[in-house]
Amino acid sequence: MLDLAISVGQTQTPEAVLFWVLAPLTVAAALGMLLVKKAVHSAILMASVMVNLAVFYIAQDALFLGIVQIVVYTGAVMMLFLFILMLVGVDSSDSLTETITGLRPIAIVAAVGFGGLMVSLIGRATLGRNAIGLEAANSLGNVQGIAQLLFSRYVWPFEVVSALLITAALGAMVLAHHQSIQVRPTQRQLSTQRFRGKSLANAAGLPAPGVFARHNAVDVPALLPDGTPAANSINATLQARGDMLTSGTFELGKVDTSKGEEK
Amino acid sequence: MEFSSPVLNYTLLSPMLILLGGAIIGVLVEAFMSKALRPFTQLSVTLGSLVLALVQVWRIRNEQSLSAAMGSVVIDGPAVLMQASILIISLISVLLIADAEHFTPLAAALPGSDEERHAMQSGNQVTEVYPLTLFAVAGMMLFPVSSDLITLFVALEVLSLPLYLMAGLSRRRRLASQEAALKYFLLGAFSSAFFLFGAAFLYGYSSSITFTGIRNAVVGGGGNDVFLLIGIAFLSVGLLFKVGAVPFHAWSPDVYQGAPTPVTAFMAAATKVAAFGAMLRIYYTVFANAQWSWSPMLTIIAIITMVFGSLVAIAQRDVKRMLAYSSIAHAGFLLTGVIALNKAGLEASLFYLFAYGITTVGAFAIVTLVRDSAGEVTDLNRWKGLGKRSPWVAIAFATFLLSFAGIPLTSGFIGKFSIFSAAYESGARSVVIAGVLSSAIAAFFYIRVIVLMFFTDPVEDGTSVEIPSSLTSITVIFSIIVTIALGVFPAPVLNFISNLATFIR
Amino acid sequence: MNSLVLLMLLPIIGSIAVAATPKTKEVLSKQVALATSVIVAIATIAMAMNFQRDNVDLQFVEKYSWIPTFGINFSVGVDGLALVLILMSTILAPIVVLSGWNEAHGGRWSVKTFYILILVLETMMIGVFAATDVFLFYVIFEAMLIPVYFLIGGYGTGERSAAAVKFLIYSLFGGLLMLASIIALYVMSGAQGGHTFDLQALSQLEMSSTTQNFLFLGFFIAFAIKAPLWPLHTWLPDAAASATPGTSVLLLGVLDKVGTFGMIRYCLTLFPEASKTFTPLIMVLAVISIVYGAILAIGQKDLKRLIAFTSISHFGFITMGIFAMTSQGHSGATLYMFNHGFSTAALFIVGGWMIARRGSSTIADFGGLQRVTPVMAWSFFLAGMSSLALPGLSSFVSEFLVLVGTFTRYPVHAVIATFGIVLAALYILIPVQKALHGPTTPSNEGLSDLNLREKVAIAPVMAIIIALGFYPSPLLNVINPASAHVIAQMGFTDPAPTNGDK
Amino acid sequence: MDAANYLYLSALLFTIGAVGVVVRRNAIVVFMCVELMLNAANLAFVTFSRINGDLNGQVVAFFTMVVAACEVVVGLAIIVTIYRSRRSASVDDASLLKR
Amino acid sequence: MTTSNSLVYLIALPLLGATILLLAGRRADKWGHILGTLMSASSFAVGLYQLSLMLGRSTEERPVGQKLFEWISVGSFKVDAGLLLDQLSICFVLLITGVGTLIHIYSISYMSHDKDRRRFFAYLNLFIAAMLLLVLGDSYLNLYVGWEGVGLASYLLIGFWNQKPAYATASKKAFVMNRVGDMGLSFAIMIAFATVGTVSFAGIKEQVDQTSTGALTAIGIMLLVAAAGKSAQFPLQAWLGDAMAGPTPVSALIHAATMVTAGVYLITRSNFIFDAAPTAQLLVVIVGAITLLFGALIGTAKDDIKKALAASTMSQIGYMTLAAGLGPVGYAFAIMHLLTHGFFKAGMFLGAGSVMHGMNDQVNMRKYGALRKFMPITFVTFGLGYLAILGVPPFAGFYSKDMIIETAFNAGGIKGILLGSITLLGAGITAFYMTRVMILTFTGTKRWDEDAHPHESPWLMWLPMAILAIGSVSSGFLLSRGDALVNWLHPLFDHHEEHEHHLLEPIVVSGLALTMVAIGVAIAFFKYSRQEVAAIAPENVSVLTKIARQDLMQDRFNEAVFMRPGQQLTQVLVKTDEAVIDGTVRGVGQLAMTSSSLLRGVQSGFVRSYAALIFVGAALLIAGIWVVVQ
C-alpha cells in the first residue's frame, strides 16, 4: 500500500470527510454520464464531476487550479459543450442498446480489467520516499508559485500554446465560416422577380405540399386543380435526394388503401 | 522568491519560431489579403518559412544544448536530423498541397449544396491549409526535441490539431473526409488522454516532469516501479497511436483514405518522423535503463504490427488504404529501431524515417495524379493498365512500391537492412525474423499493384492520369531521385547521420 | 581489358544506347543490343584468356568503397568457378538476343524496353558471379529479379503475370531469409573485429554450430529456391512456361545457376560445418529432385513445362555434385552448370521457334516436323540429346563426373540418381517422337524451317555442346583448381580407391 | 487521509471515461467522456504534485486545461460540421470508411 | 605399348562422312551414298593396313595404342581419349568395316527409291564411326561413348521411317531399353573407379589381383547388364524384334552383325574381371543359356521373316554370351561364332531384304512361297547362310557352334551337362525354325499378294549377298584352321586354368549336334513342306505357339511391370505436384488472403470499436504490468 498519508495536521480529518462524501458522488456522476439517455443530462453530470474535482483540487492545495477548473473549465468549456448540444438538438437522446455486436461485453471486460488492475497496481505501488505536501512550495502563495514556473521555466510551452489557440480559432473559422460568395437577393428583388417572370402562376406563392392530396406529408406533392401533381410544391432538396413520392397513389379517389401509410 | 526572467536561445529555437511566425503571417494574410492574391502569397510564405527554417537547421547542425528553452527543448544531432527530415518532407508535401484540386473551396458548405457548387465555380480555395500546415510542422519540429512532459504534450497537440482539421478538407467525397476528421480527432483525443495519464504517473514516480529528472529517477531506483511501468505504458499508448502501431492503428486506414491526399502524404510521412523521433528520444534517453520493462512490450507490439499491417494490406482494394496498411507495417519495422537501443539502431531509424518519409510522399503524389472526372481514383481496380496509359507515372509508383518492399537499390532496402541489423545486434532476433517474414508477405501486395499496373489491360472507364503540375512533378522527381540515390549511394547520408546521431542527456 | 567493373558497365552503356534509339526503329534497337552483347562476349573471352589457371586466388580483383558505414565495398573478382559462369552468361546473351529477334513483339511494351531489360540483366549477371562482397552479391541477387519479372510478365505468354508474380514472391521469400542470415553475419563480424561483408573475412568468423546451422539454412533455402530443388520448385515450370524462350534461357540458364553457384561460393565457404551437417538431407533432396523432375517431365504435355522439369532434374545433379564433396563431383557440378546453360538454351531456343511457328506449346499439336523442317528438327533433337547427356556431348562429361564423384562417397545416392539417365531418355524421346516423328499433320505442313539468322544463332550453341563433349579440358583446367580449393578448404579429400576393401 | 485515495478516484474516473468513449454514440457525449479522462489525469497530476511537494504537476494540469479548451473548440467544430452534413451526431453513422 | 598415329582415321573417316552428309543437306543428295560408301570402304582399307602392320609384329607388340588428347581429368579421375587396337579389336574393326561396306553397297540400290537416302548413309557412317570407337576405346569410358553412339545410330536407323508411329515407337523402345543397359555400364564404371581408381582396361587389369572378388563381381554383373541391353539378352531382349522396323540393311548391319554383338565384345574385353569373379561369370552363362532358348522359341512362331531372323540373332548371341561366360576356353569361340554369325546372319538379312524388295516390302512369310525360281541368287546365298547357321559341315556355323557346344559340355559337372544339353537343344530348334523360314519363303506354293511381282535384285544388292555367302561358307573353316583365331587371341586372355577334361569327345558332340539339327529340319519339313501353309496365320494353335508369337510375353511383362505402373506413377506425381506441393504453396498464399480478409473485419468503420481496440490494448498493457509486478 502506498504510504502517502499527508501528516500535515488539521486538514486531515476534514479532508477525509470531504473526500468520502464527494468521491462517491463524483463516481456516481461519472457513471451517470454513461447511463443517461440524453446528451444534455450527460453534460450536466459532467459539469458536476468537474465541480467536484475543483473541490478536490482546492483541498489538495491547488487553489489556482481549483478556481480555473470552475471558471474556465466548467464555466466556459462545458458551456461550449452545452451550446453545441443546443445547436445539435437538446432533445436528442441515445438509445442505450448496443448495435455493434460484441462491443459491450468487450467494453465491460476491458473496463473491469483496466479499472481493477489499475486499482490493484496503485495499491502495490511504493515510492520509496515520503509524501511532502505543498506547504513549502506554496509558501509564497499557490498562484505566485505557479506563475513563477509558468513564466520562467515553462515559458516556451506557454508560448507554443498560443499557436494552439490560433490553430483552434483558425480551425473553427475554416469549418464554420460561410463566406458570402454570391449576393443573396433581397425580399424586394425576389418579389420583383416573381411578378416580372414569364408567368404569373407562381406570383401568389407556391402551393404547399399535400394540398388537395390525401396525404399532407412534406414529401407528397400538392395536386393542381386538374389532379396532376405539382412538383414545385416539394422542397428542392427532397427532390434532389429523390425523396419525393409519386403523388399518383394519393390522388383523390385513387388511394390504394392496401399500401396504407407506407412510403 | 525572486523571479528570474527566462533565457531563451533564439538561435536554436529559430527554426520553430520561423515556422510559427510564418503561420501567423499566414493567418494575417487570410484576414487581410484579397482572395485572388492569397493562394500565391500563402504558398510563398509557407515555402519561404520552410526553406528558411531548413537553412537555420543547417546552421545549427553542430550545436548541442540542453537549455535552449529553459530545459524545455534539447537540441542535439538527432534533433537536427529529425527537424531537417521533417522540413524536407514538409517542403515536398506543401508542393502537393498547393494543388487546389484537393481541397474543398468552402469547408462550411454542406456537401452537395448550391453553396458548395457556387464556391467551386468561384474558384475559391481554403488557403487556411497553409498556416495550418505550418502550425503542424512547428508542432512536429518541437515534438522530438521536447525535453519535458509539458512541452511534449503541447507539441503533440500542436501537431495534431491542424491535422485533425486538414483531414476534413477534402474536395471530393466530403462526407468521408469529414468522417476521417471526426475519427482522427476523437481517437487522437482519446489517445492523448492516455498519454497524459501516463505522464501523470511518470511525474508521480520521479517527482519531475523533465526528461532528465525522470531519467535520474529511473537510474536511481527507489521504491518499486509500478508507477514507472504504468507511466511508460500509457505514454507509449499515446506515442504508438501517433505512429500507428497495432492495436492503436485503427484510425490510420480510415483517415488516410478520407483525408485529402496531400494531407495524407504529409501526415503519413512527417508525423511518423516526429512521433518516432520523440519515441527514440524518450526510449533512448529517459527509459533506457528500464529497458527490461518496455522492450518485451515493444517487441510484441512491433511483431504484431508488422504482421498485421502486411497481412491486411493484401486484401485492400483502395490505394490509399493499402498504403495506410503498408505504413502500419513500416511502423512495425521502425519499432525494431527503437527496440535496438544502440547507436546503430538510432542511425538506422533516422535513415529509415527520412527515406520512408520521402518515398511515402512520392507515392501519395502519384496517387493524386490518377483521376477521373470526379477527382482522384483510388480504387485499385481502376489502376489497371496504368503502365500502358502513362508508363512514367507507373514506373515511378512501382519504384516507390519496390522501395517499400525493400528491394535492393532502393532506399527502402538500405533502411530495412540497417534497422534489422541494428536490432539483431542488440539481440532482438525474434523481431528481425518476424520482420523478414512480414516483408515477404508485404512484398506480395506491393507486387500485386505492380501487376495491376503493368500486366493487366486497361479498362476504359475514364480514368486518366493528370499531367502533373510543375509543383507535383518536383515532388515526384525529387522523391524518385532520393529513393534511388539513397539505395545506390547511401554513404554520404549515412555518414552524415552517423556523425550526428548521438543523443545528449 | 581486364576489369570486371568495365565489363559490367558495357551492357549498361549498351542499354542506354538502346534507350536512345527512336521507338519506331525497332531493328536499330535490336542491332545495338546485339552489338553490345557480342562485344561483351568478346571482351569476356579476352579476359578469360588472361586468367591464370593454376592460381586459386581471386583474380581481376577490384575494390571500391561503397557504403563505408556498414563496411560495404563494391568488390569484384573471379575464380575459376565464377569465370566459367560469367563466360557462359555473356556468351548466352548475344545468342538470346539473336534467337529471340522477334519475341519482343508480342509484349506489353516496346521492343526497345525488352532489350534494355536484357542488357541490364546482363550487367547483373556478370555482377552476381563476380561479387566478392556478400552485400553486393545480395543486392544484385535481389535486383536481378526485377528485370526478369518484367521480362516474364511483360513479354511472356499465357498466364504470364501470375507466373511472374509466383517467381518473384518465391525468390523474394528466399532472398529475405538470406537477408536475415546476412544481417546475422554482419553483426557477428562487427563483434569479431569490425563490420565487414568481405567474403574472405566472413569465412573466418567463429560461430556456434547452432548459429551456423540457422544461417546456413537462410542462405541455402534462398539458393534452393533459385536452383529449384525439390520441393521448392513449383515456380519454375510456371515461369518457364510463360516466359519467352529467350527469357527462359536466361532464367534457367543463368539466373538459376546463381542458386548452385551460391551454394558453393557462400554456403560452403561461409558455413563449412553446417554444410557438413546438412549434407545428408541435401543429398536426399537432390536425388529426389533428379528422379522427381525427370518423372514429372515425362508427364508433361506442354513443351516448355517439360523443359523446365528436365532442368529441375539437372539441378538435382548439380546440387548432388556440389555436396558430394569430391573433386569430381565438384568440378562436374561446375561444368554441369556451364553445360546445362547451353543445352537448356538450345532446347528453349529451338523449342521456342517451334512454338512460335506452330502457335502452340502443346507437344501433341506437333508431329512430323522432321519432314517439314529438318534443320529445326535436327537442332531440337541434338539439344534433346545433350539434355539426356549423350556421350560425346558436353552434358555427358559433367553428368558423369557428378555421378562418379558422388559414387565414391555416396554410392546409394549415385545409384538412384543414375536411374535418372533412363528417365532422361524417356522425357526427351517422348517429345521427340511426338513432335518430330510420326506423320506430318496438316496443321504442321506449312511450317517454315530455320532461316539464316536462326541458324547463326543456334550454331554456336551446338558447336559448344559438341566441342565440349569431346574436349572439355579448357574449362576443366579452369574449374579444377577452384574446385580443389573449395574441397580442401572444407577439409575433404577424395576417397581413395578401396579395392573393395581387399 | 491517504493521498492515494485520489489516485484511486483518478483511475476510476479515467476508466469510466474510457468506457464512455466506447459505449456512447453521441459524438458530443463521447467527447465529454474524453474530457472526463483528461480531468482524471489532471486529478492525478494535482495529487502527485501534492505528494511530490512541487508545483510542476499543477502547471501541467493548467496546461492540460488550456490544451483541452483548444481541443474542444476544434472538436466541436468538427462535430458540428459533421452534424450539418449528416443531420446526425451519432458516431456510428460516420462509418463510410471501413475495412 | 606400340603407338600409332593412324588409328584415329579408322573412326575419323566415317565420322567425317556422317558430318558432311548431315551438314550438307539436300545438296549432297546426288553423291551422298557414294561418299558414305567410300568412307566406309576407306576405313576398311585402313583396317586392313593395320592388320598387315599387326601381322608384321611379334605377338607381344601387336597391340597398338594412340592417345589423342586428355579428355577428362579431375583429381584422380583421368581419362584420355585413347584408342587401343589389339588382336581382339582388329577382328571387330574388320568385321564392322567389311560387312559395313558391303551393306553400304547393298543399300545404294536398296534405298535408291527413298528420297532420304543421303540421310540414311549419314546414319550408317555415324554408326560405323561409333561402333569403331566402341571397339577401339582403351577405357570403359571411351567405350561408353561408342556404346551410346551406336545406340543413337541404332535409334536413328530403326526410326528411319519414323513417319510411321509404330516405327518411331520401336526406335524409342530400343533406345530406352538400351539405356537401361547403359546404366549398368555406368554403374560398372563408377564401381571400378571407386574401387580400383581407374577406368582404363589396362589399369583395371593390372589391379585385378589386389581387388576384392566382391567388387569385381559387382562390376561384372553391371557389365553383364550392359551387355544384355546392347545384345538383346535376357531380360533386356524385348527391343530387338521391334527394331526390325528399320530398313533391312540396318537390320543386317546393326541388329545382326555388329552392334548387337557389342555385349559379347564387352564381356570378352572384360575377361580379366569375369575370370576373377566366378559368380558374375556364372550369371553370364545363365543369361546366355536362357536367351539362347528364348530366342529360339520365339523364332519358331514368327511369320515375319525379319522378326524370325531377329529372334534367331538373339538366340545366336545367346550362344556367344554363353561361350564368353565359360571363361578363357570360351572367349575365342564366342568371338569366332560372332564373326561367322556376322557373315551368315548379315547375308540372310540382306537376302530377306532382297525378298522384300521383290515383294513390295511384304514381310509375312505366309505370303511368300516358291520364290526360289524367281530369285535364284537370293535363294542360293540365303541357303548358304541357312546351312551355315544350322551348323552343317563344312559351313561356318559348324565350326563355331560346335566348339561352343563342346566347350559347354566341358564346363564340367552338372553345369556342363546342363549347358551342353541346352546348346544342343538350341541347335535343334534353330534347325527347325530356319528350315521353316526356308520352306515358307522359297519353296511350296505361291501365296503372294495379287500385286506382287517378285524379281531378282540388281547386282549392287546381290553382290554383297554373294560375298557374305562366301564368308558364310568359308569363314568357319578359315578361322578354325589350326586354331587360327584361338591362337591369334590367345595372348589377350588369361589361361591359368587349362585343365581340359573332355566329357564327350568332339566327334560325339558333332554327331549329337547334327542329329539334333536333323531332327529339327525333319520336323519343320514335315510340318511345312508336306502340308499346305495357310496364307493367314491360323488362330487355333496351341497355347505355347500363341505365347511364342507374342515373344513369350516379354512385352506384356514389361508393360505390366514397368510401363503401366510407371505411367500411373507419372500421372500420380504430376497430380501430386499440382495438388500437394504447389497446392501447399498456393495454400499459404490463400491462407494469407483469407486471414487478410478476416482481419479486415477489425476495421469495422465504427470509431467506437477503434476506441475499444485502443482501450483493450491499454488494458492488456496494464495486465502485462500486473503480471510483471506479481
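Labels for the chains are A, B, C, D and E, by order of writing; each one numbers its residues from 1.
Just so it is clear, contacts are C-beta pairs under 8 Å (C-beta built on N, C-alpha and C of every residue); 3 or more make two chains touch, one makes a residue touch a chain.
Predicted, not measured: the structure shown is a model, and the values here were computed from it.
Where touching is counted per the definition, the chains common to subunit A and subunit B are D, E. Contact with subunit A and subunit D alike is made by B, E. With steps allowed only between chains in touch, the distance from subunit B over to subunit C comes to 1.
When chain pairs are compared by contacting C-beta pairs, A-D ranks highest. Of all chains displayed, C has the C-alpha centre closest to the centre of the whole protein C-alpha set.
Ranked by separation of Cα centres from subunit D, the top chain is E.
The chain with its Cα centroid farthest from the Cα centroid of subunit C is A. Note: centroid distance subunit D to subunit E, computed from Cα atoms, is 95 Å.
The geometric centre of subunit C is 37 Å away from that of subunit E, both derived from CA atoms. Here the CA centre of subunit A is 70 Å from the CA centre of subunit C.
The geometric centre of subunit B is 79 Å away from that of subunit E, both derived from CA atoms.
Annotation for subunit E: residues 589, 600, 603-609, 611-612, 615-616, 618, 622, 625, 629 touch two or more other chains. The set of subunit C residues that touch two or more partner chains comprises 169.
Contact with two or more other chains is made by residues 100, 103, 106-107, 110-111, 114, 118, 121-122, 124, 127, 154, 157, 161, 164, 167-168, 171, 175-176 of subunit A. Every pair of chains meeting the touch criterion is listed here: A-B, A-D, A-E, B-C, B-D, B-E, C-E, D-E. Within the complex, the subunit A residues that touch subunit E are 100, 103, 106-107, 110-111, 113-114, 117-118, 120-121, 124.
Of all the residues in subunit E, the ones that touch subunit C in their complex are 22, 25, 69-77, 81, 141, 144-145, 147-149, 152, 155, 159, 162-165, 168-169, 172, 175-176, 179-180, 182-183, 186-187, 189-191, 193-198, 207, 210-216, 218, 569-571, 573-574, 577, 581-582, 585, 589. Remark: subunit D residues 18-19, 21-25, 30, 91-92, 94-99 touch subunit E in the complex. Taken in their complex, subunit B has these residues touching subunit C: 347, 387-388, 391, 402, 405, 407-409, 413-414, 416-418, 420-421, 424-425, 432-433, 436-437, 439-440, 443-444, 447-448, 451, 454-456, 489-491, 494-495, 498.
The touching residues of subunit D, when paired with subunit B in their complex, are 7, 10, 14, 17-18, 21, 27, 30-31, 34, 37-38, 40-41, 44-45, 47-49, 51-54, 56-57, 59-60, 63-64, 67, 70-71, 74-75, 77-79, 81-82, 84-86, 91, 94-98.
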